[in-house]
């Protein structure tokens, strides 16, 4: 799951619901481990008993939001975006800025399914979804589950 | 300089002219070191006595195009895109696919000037140029040279 | 946990016991996700209900051994060794070759505790242990648990 | 060339001579771009008209020593050590601490020749040299030049 690190309350709520749906589907939430969409998705997943991986940019696990179970300390800065995309089986993208766009671009480059829930829509290769439930169902279907 | 690894003859010609202009301005060409726009820019730079750095994705310098003076063997795959963007002082973007888009996004994220010469135009933060000469002049001006 | 990717049966057995002890202590096993010591530790941890993170060098989760719960697909090659060391809270080192040595060196560099169970002993900063149980107890003590 | 970032005057002098010899042999000096052995080697190379690549750990080229011609801004922290080793054709190691040891270990792992001039001697695979001249000659011979 990718999206902005500071987002409006509405986007936060949507991200949390996506996290809940992923956990209910017994899938793992993989994010960048920081705030905004990353935190909301993690929080939602924990509310439903899910597992959350946070692939952090810096050199300390203390930068992870409190809902991350498995912090990965990369020290790669924005270079860690490539690891998020490679590790996730599909990308669900919420509204975000250029960091989110770089993740969408990398996912499209390596052929990972990208489902957008109000995020960047710069290519016909991105699948649009209208709700958290639909986004997760679409992503699961795209990876054959 | 970023752009597609396989491009039409017209884009190749433009990239070569950009490389020539960079060399004439006594600046260093930094690219991903492979084919297409990366090769054309490197070729143009060498024609005018310039220096070319190729930040390679794989584990062997043999993947560099023949015009690269300084091959950097990263083994980072697409993760090396972040290094290109961090190392270059400004980004000149020609037409390319999702890899090029990821580089533009990363450059915008960290505040590096992005000059587009027919490439992705997904943000008002990207400066448009109409010719190789104008693109290089604009990039140099943006970094205070 | 670090150590060779192909090891004698005795070292495999020791690594498996270390994995078991880590799981019994309710800690997470972080390894490079491949064979040998990495596989044995993961297998041991799963036998005792533990969780295993595998920080993989390549671009596919299919290279992970079957006991990895959370595969992290870095594509960084040997550069991923730095991520293992940064992510783990302490390093338990079994016999291995130069890759293992590079991990020990990086851990010592950033001040992570290194406990050796028959591995490289190139510094007085490495704490020696005589059994899997002692190695895990020593590592936990070193991180204040 | 690898070695400590803060070293005694004698080691600095030796590193400078190694840099001079590399430049006289018309080879490129590849280092981590910071102080100590990295700076001395760069300084020596520039005194003899050579070219110096500095593969930097941080996010700014301002951390490079003043003798680096081509700063590569990796943002990888200690992970950049793998890039130094992959990019150099052979490693000449002077005295250094654990960072230097990690570079020697990675070079031995991927089969790059390692020539030691008073540095870590943890393997019979490391070739010992007695002077800067001999170290450079040995390294060049090892890579077939």
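We call the chains A, B, C and D, going by the order they appear; numbering starts again at 1 in every chain.
The working rule: a contact is a pair of C-beta atoms (placed from the backbone, for glycine too) under 8 Å apart; a residue touches a chain by one contact, two chains touch by 3 or more.
Quick caveat, the model's predicted, so the values are computed rather than measured.
S.K.: Determine, using the mean of C-alpha atoms as each chain's centre, which chain is farthest from chain C.
M.R.: B
S.K.: Looking only at C-beta pairs in contact, point me to the busier pair out of C-D and B-C.
M.R.: Higher C-beta contact count between the two pairs: C-D.
S.K.: Measuring from the mean C-alpha position of chain C to the mean C-alpha position of chain D, what distance in angstrom results?
M.R.: Centre separation, chain C to chain D: 29 Å.
S.K.: Measure off the straight-line distance from the CA centroid of chain B to the CA centroid of chain C, and report it in whole Å.
M.R.: The separation of the two C-alpha centroids amounts to 40 Å.
S.K.: Got the chain B residues that touch at least 2 other chains?
M.R.: Touching at least two other chains: 59, 75-79, 82-83.
S.K.: Think of each chain as a node with edges to the chains it touches; is that a line, ring, star, complete or other?
M.R.: If you draw each chain as a dot and join those that touch, every dot ends up joined to every other.
S.K.: Which residues of chain D touch chain A in the complex?
M.R.: Within the complex, chain D contacts chain A at residues 59, 75-79.
S.K.: State the interface residues of chain A toward chain C in the complex, per the touch definition above.
M.R.: Interface residues on the chain A side: 28, 51, 53, 55, 59, 61, 70-75, 82-83, 86-87.
S.K.: Give the list of chain D residues in touch with chain C in this complex.
M.R.: Touching chain C: residues 76-79, 81-83, 97-99, 101-102, 105-106, 108-110, 120, 122-123 of chain D.
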